[in-house]
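Scrolling down, you'll hit the structures one after another.
You will see subunit A twice below: alongside subunit B first, and alongside subunit C after that.
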Partner chain A sequence: MTNIIEIKELIKVFNDGRKNEVRALDGVSMGIPHGVVFSLLGPNGAGKTTLVKILLGISYPTSGSIELFGENFRNIQLKKRIGYLPENHKFPPYLTGEKLLKYIADLYGYRPANLDKRIAQMLEIVEMSKWSKTKIKNYSKGMMQRLGLAQAILHNPELIILDEPTDGVDPIGRKKIRDLILRLKAEGKTIFVNSHLLSEVEMISDSIAILNKGKVVYSGTVDELTTQKQIYEITLNREFDDYIKFKLEGFQVVDWKERKFRVKIGKESELQRIQQILQENNYLLLGLNQVKTSLENEFISLIEKTGNENE
Partner chain B sequence: MSNVWTITKHTFREALSRKVFVTFFLITTFVLAILIAAVLAINLSNIFGPISMKLKIDGDFETKIFSVLKLFLISPLYSGGLFLAIFSSSSFIPTMLEKGNIELLLSKPIKRGELILGKYFGVTSMVFVNVAYAVLGFYFILGLRFHYWDVSFLITIATITFAFMVLYGLIILIGILTRSSLSAMMLTYLIFYVFSPLLAHREKAFYLIESKIIKGVLNVLYYIFPQTSDIGSITSAIALNKEIASYQPIFVSIVFIFLTIGAAIFIFNKKDY
Partner chain C sequence: MRNVLILLKKEYLRFVVDKPAVILTFLLPAVLIFIFGLIFGGNGGVQSKIPIVFVRNSDEPIAKFLESKLDSSDAIRLVKSYKKEGEKNERKIDEATAQKLVKTGKYSTALVVPADFITDTSSSIHLKMYYDPANEVEFSLIQGVIQKTIFTQLPQLFPLLFQKQIIKPLQGLKRKKFNSDIADVVSKYFGVPKEKILESMDFSKWDSKELLKGGNNTGDNFISKIIRFESKQLVGENIANPGVTRSVGGWAMMFLLFSITGAASSFFEEKQEGSLKRLLCMPVRRSQLIWAKYIFTITLGIVQLLVMFVFAWLVFGVDIFSNFGNLFIVIVASAVAAVSFGMLITSVTKSYQQANGIAMVFILVMSAVGGSWFPTFLLPGWMQTISRLTINYWSVEAFLQVLWRNAPFARIALPVLILFSTGFIVNFYALVRFRKGNIF
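After this line comes the complex of A and B, so read on.
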C-alpha cells in the first residue's frame, strides 16, 4: 500500500530573495504509512508548523512534490479526509463549543443525518459536554485545546494532523490526549503529531522524524534512535579486580561501576570473547543489556551535532 | 456555491456578535422612536389644513414638504450610516487573517475565493438589513401617520447598500494587502468623504484650471475612485422623486466592485499564511 503522506525534496523559502529570507524547509523527504502515529520533532523554528501548513494548503511550497492519499495534494477535496488542530488556534469567541463544531462541520460540508448526536459524542470524548453551551471566550487554555481536538476529529477524517496538541494542557489532560490518540490509531486512523515534548512522543509514536533548521536529521522509530546497538552493560556477580581490568584492556570499556561496566562492541565476536575472559576468571555473568538512552539525550545530541538555530 | 453560502451565513453571525452593528441598530431605533414621538406631537394636517385652505395650495406643496422630510432622513443615513458601516466592517478581513484563525479556514475544503466572496456577501447583507430597517421605518412612519406611501422611496435601500458594496470591495482589498483594519478604514473614509465628493464636483473647478493635463488627470481619477458621491446624489434624487441625471456611476461602480474583489482574490490566492 502507498504511503498516506509522501513528501519529496520539499523546499520552502519565505520572503524569497528579500533581506528577511528564511529557508524554513530545506529538502525534506519523508513517507508516512497508513495507520501509524507519526511524530515530527524539532526545536523551535525547525519548520514543523511550516511543513504541516504546506500539507494543508495554508502555505505554498517553493519546490518539491507532495502526495496525500496517493494523489497530488493540491486537490482541495482531499482536505475533507484530513482533520487539523492548528498551533495557537483562535476559535470565534462568540460561539459556544457546540456551535463551533456545527460551524466546523459546515466548513467541511459534513452533513450526516445524526450530526447533533455526533457533536455530542465528540464533546463527550474530550470531556467538554459540560461546557458545550458555554461561550468559547470563557474557556481555559486546556478547554480550548480539548475543543480543538474535538473539531479535528469531528468529520471522521482518515488523517489527523495535530500541531502541539498538548500545549498548555495539564498532566492529566495530557494523558487523556495520549489515550485519545492511541484510540484513534486503534480505529485505523493515521495521526501526525508536531511536538517538542519528547517524553510524550516516546510513549505513543510508531515512528518519528527529527527536523532541525529545515532538514530531516533523523527518521525511524524511537527505539532505533535510543537503542544504541554498540553499547552493552554487563553486570557481574562480584566486584571486579585490577587483573580483570587489565585483561579487558583491549576492549573499549567506557564505564566501570562496582559490579557493572559498559563496553562498546564493534562485532558480536567481541562480545563472545569478553564472556569467555570473564568465565575463565571465575566471574558469573548476571546481566547483559543493550544500553538505551533517553529520546531526550539523543535529541539534544542530534540537534547539537547539526547546529542549534536558537543559539 | 454552497461554500460561499456557508461563509456568508457565518460572517453574518459574526457581524451580529459585534457591538458596532448592534449600536447601529440601536441608533436607528432611537432615531425612529424620536421621529415617531415627533410626528405624534405635530399634527401635520393642522399645518397643511389651514394653509392649503387659505392659500389654495394644492398637493404639490405637500409633496415638496415630504420630499424635504425624506431627504432630511436619508442624508444622515447615507453619510452617518455608511460611516458606521465602514467602521464596523473594516476589521472582518484582518480578523480572518489573524494567526490562529486563518489556518483553520484554509485547512478546509473551501477555495480562498469562496472565503472572500462569503465575507463580502455576509457583511454587505448585514449592512443591507440595517439600512432596510431604517428606511422601512421611515417609510412606515410617513405612511401610517400621514398616509404618505411612496414606494419609490424604498429604492434608496438598494442605492445606499450599493454604495457600501462599492466601498467594501475596496476595504477587502486593502485588508488583504495590509491586514490592518485601521488602514482599510482610514483610506475608505478619505475616499468616501473627501476624494469622491471632490472628484464628483471637479467640473466646478475646471474654469479655474487652465491645464488640460490636470483636467485629464482629474477625469481619470474620477473614474478610478469609487463614485460614492454620485451614488449619494442618485439616492437624494430618488428621495426627492427627481429624475436620475445619469446611471453611469452605477455601471462604473459595478466594474469597480469586480476589479477590487477580483484583485483581492488574486492576491489572497498567492499569499502564505
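After this line comes the complex of A and C, so read on.
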C-alpha cells in the first residue's frame, strides 16, 4: 500500500533578511499510510506548523519532496481531496453555520445534487443542527470548533488535517471529537492530527512522529514508543538483601523500594533469568507487572534527550 | 508612587515599540509642518512663478514698459508664445489663442494689453483679463500682482490720468476757459509767461516717454477708476456651486485613498483570524485571492466616488450629469490608481497597524502635495514637480477638467492614461511583492 503522504528530506529555511537563518525543518522524512490516525507531536518551535503549512500548500519548502496521494503536492487540484481544520480559526462572523458550509463547498467546487442534505448531515454529525441558522458571531468556542470539523469533512476528503482539534473543547466535547475521528478512520479516511494534548493523541493515534528542532526524533506507533523499554515491577515476599542486589547487578534495575523493584527488560529471556535468580535465593514472587510508560513521559524524555528549543 | 513609575515606564515602552504610533506622532506632523511651512513661510527656496498668458496689442511705450515690469515680477511669468502640436517653432500668442488656452485649462489667466490701452482721449488705461476661476486663489493673486505692478511701477502715469479724469466733465469751451483762467492766475502770481503755461497744459503734446521719468505718486481708491480691467470669465460661468465643484475631486480622492488602503490591508486581518490560511488550503490560488481583493477594492472605490459625487450633486448642486461619461472614466481611473497604492502598501508592510500607519503618512502627504487640500501653484517649484508624481495630482486635474470645464475625453486622456498606467504598474509590482511578502 502506498503512503498517502510521503515526505523526503524536507528542509525549510527562514531568512529574516539580515543573514539570520532559521532551519524550521531540517531533513524531515516520513510516510503516512492510508486509513490511519497519524499525530504530529513536538514542543513549540519544533517545526510542526511549518510542516503542516507546507503540506497544505500555504508555504513552500526550501528543498526536499512531498507527495500527496502519489502526486507532487504542488498540484492545486489535490487540495480538493484534503479537509482542514485550522487552529484558532475564525470564520466570517456574519455568516450562519449553514451558509458557511455552502461557501466552503463552493470554494472546493463541491456541488453534489444533494448539497443541502449533505450540509444538514454534517451539522448533525457535529451536533450543530440546532444552530445552523444562527450567525457565527454568536457561537461559543466549542461550537466554532465543531463547525470547523464539519467544514473540514464536508467535501468528503480522503485526508483530513486537524490542527488542535480538541482545543477549547470540554471533556464531553473532546470525547465526541475523538469518536468522530475514529468514525472517520473507520470510513477509510486518513486523519493527520497536530496536537499538544498527548493524552488525546495517545487514545486515538495509530502512529505518531515527534519533531524537535526541525528533525524527526521519533516515528512509529505509540505502543512502540511507550513499551520499547519494558519496565516490570516485581514484588517479593520479603525485603531484598545486598547479595540479591549483587546477583541482579547485570540487569537494569531502576528502582529499589523495600520489597519491590523495577527493572527494564530488553528480552523476554532476561525476565526468565531474573525469576530464576530470585527462586534460587529463596525469594517468592508475589507480583510481576509490566509498567507501561505514558506517551507524555516518553515525549518529555525524548525532547530532553534531543534538546529543548525553549530552554 | 513606585507603582506609578513602573507603570509609566511600561507606557513609554509600549509607545516606543509601536512604530506606526511613533511615526504618526512625530514624523507625520513634522512632514505636514514642513509642507505648510514651505507654502506659508516661504522657506522652500524659489517659489514658482505663476504663468499667465500675455498679449500686447499696443505699441505705446507705457504698454511696453508695463510688459517689462511684469516680466521682472517675482510672482508671475508671462507666457507670450507657445508651440502647437506638430509644429517646430513657437508662435506668438494672439488674443483669440489666449482665450483658447484659458478655456482649455492650460493657463488660468490671460492678460491682454489692447490697442486702445491708452489713447489721447483716455481717462483710464484699458486692460483685458480672461480667466478661469477654477483656482480662485490663483486668479486673485494674479490680479493683485498686475495691479501692484501698475501702481508701483507706473506712478508717473497717474498725474496724466488724474487730470484727464478732472477735466472730463469740463467739455469743449469750458475746458479752454478753465485752462486760460488757471494760466492767468499762475502767470500773475509766479511770473511765468501764460503761453508757456498753456503749452504745458496741452496734453496732446505730452510725450508718454517723458511720463516714465521720475515721480513718486502712489495709488488710492480713486486709482481703481483710472485702470479699467475688462475681466471676462471664460469657464464655469454657469456652474451652480463653483467652490464645491472645484474642490470635490480633491477631497474625494483623499477619502478614497483612506478607504481603499483600509480595504486592501484587511488581508492582514484575514491572516490574523486564520481565514486566509483556511482559504489557501482550498483549491484557490494566491493570485485568485489577490485578484478578488483587487477587484473588490476597485468596485468599492468606484461606488464610494459615485456616492460622494451624487452627494455633492444632491446637497450642493454640483453638475455631475452633463459630462457623466467622462466623469465615470476618471472615477474608474482614480479607483484603479488608488487601489494599486493600497495593494502596494499592503504588500510591503508586515502588519495591519504598520500598513495603516505608513498609509496615513503617505495619503496625507500626497493629498497636501498633490492638490487635494490647496492648489499646487502655492508650492515651491521643486515641490510642484514632486506633486506630479502623486496620483492625487492627476486625479484632481482630471476631475477639474470634467466637472469644471466640461472637457471632452481628449482633454482628460493624459491624466486618465497616467492614472491607469500607474495603477497597473504599481499593482503588478505589488503582486510580485505579495508572493514574497508577509501576507502568505
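Convention: the second predicted complex is superposed on the first by the 268 of 311 C-alpha atoms of A that agree within 3 Å, B and C clash if a C-alpha of one lies under 4 Å from a C-alpha of the other, contacts with A are read in each partner's own complex, and residues count from 1 in each chain.
Keep this in mind: a residue touches a chain if its C-beta (ideal position, glycine included) is under 8 Å from a C-beta of that chain, and two chains touch if they have at least 3 such contacts.
Owing to the predicted nature of the structure, the values given are computational and were not obtained by experimental measurement.
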Give one word, clash or fit, describing how subunit B and subunit C relate on subunit A after superposing.
clash
Looking at A:90, would you say it contacts subunit B, subunit C, both, or neither? Reply first, second, both or neither.
both
Quick check for you: in the superposed arrangement, does A:243 touch first (subunit B), second (subunit C), both or neither?
neither
Quick check on the output: what are the common subunit A residues between the subunit B footprint and the subunit C footprint?
53, 56-59, 76-77, 79-80, 82, 84, 86-92, 107-109
Counting only contacts in the complex, subunit B reaches subunit A at residues 2-3, 6, 9-10, 13-14, 17, 98-111, 270, 272-273
Which bits of subunit C are touching subunit A when the two form their complex?
273-275, 277-285, 440
So, in the complex, the side of subunit A touching subunit C is made of residues 53, 56-59, 76-77, 79-80, 82, 84, 86-92, 104, 107-109, 161
Residues of subunit A defined as touching subunit B within the complex
14, 53, 56-60, 76-80, 82, 84, 86-92, 94, 103, 106-109
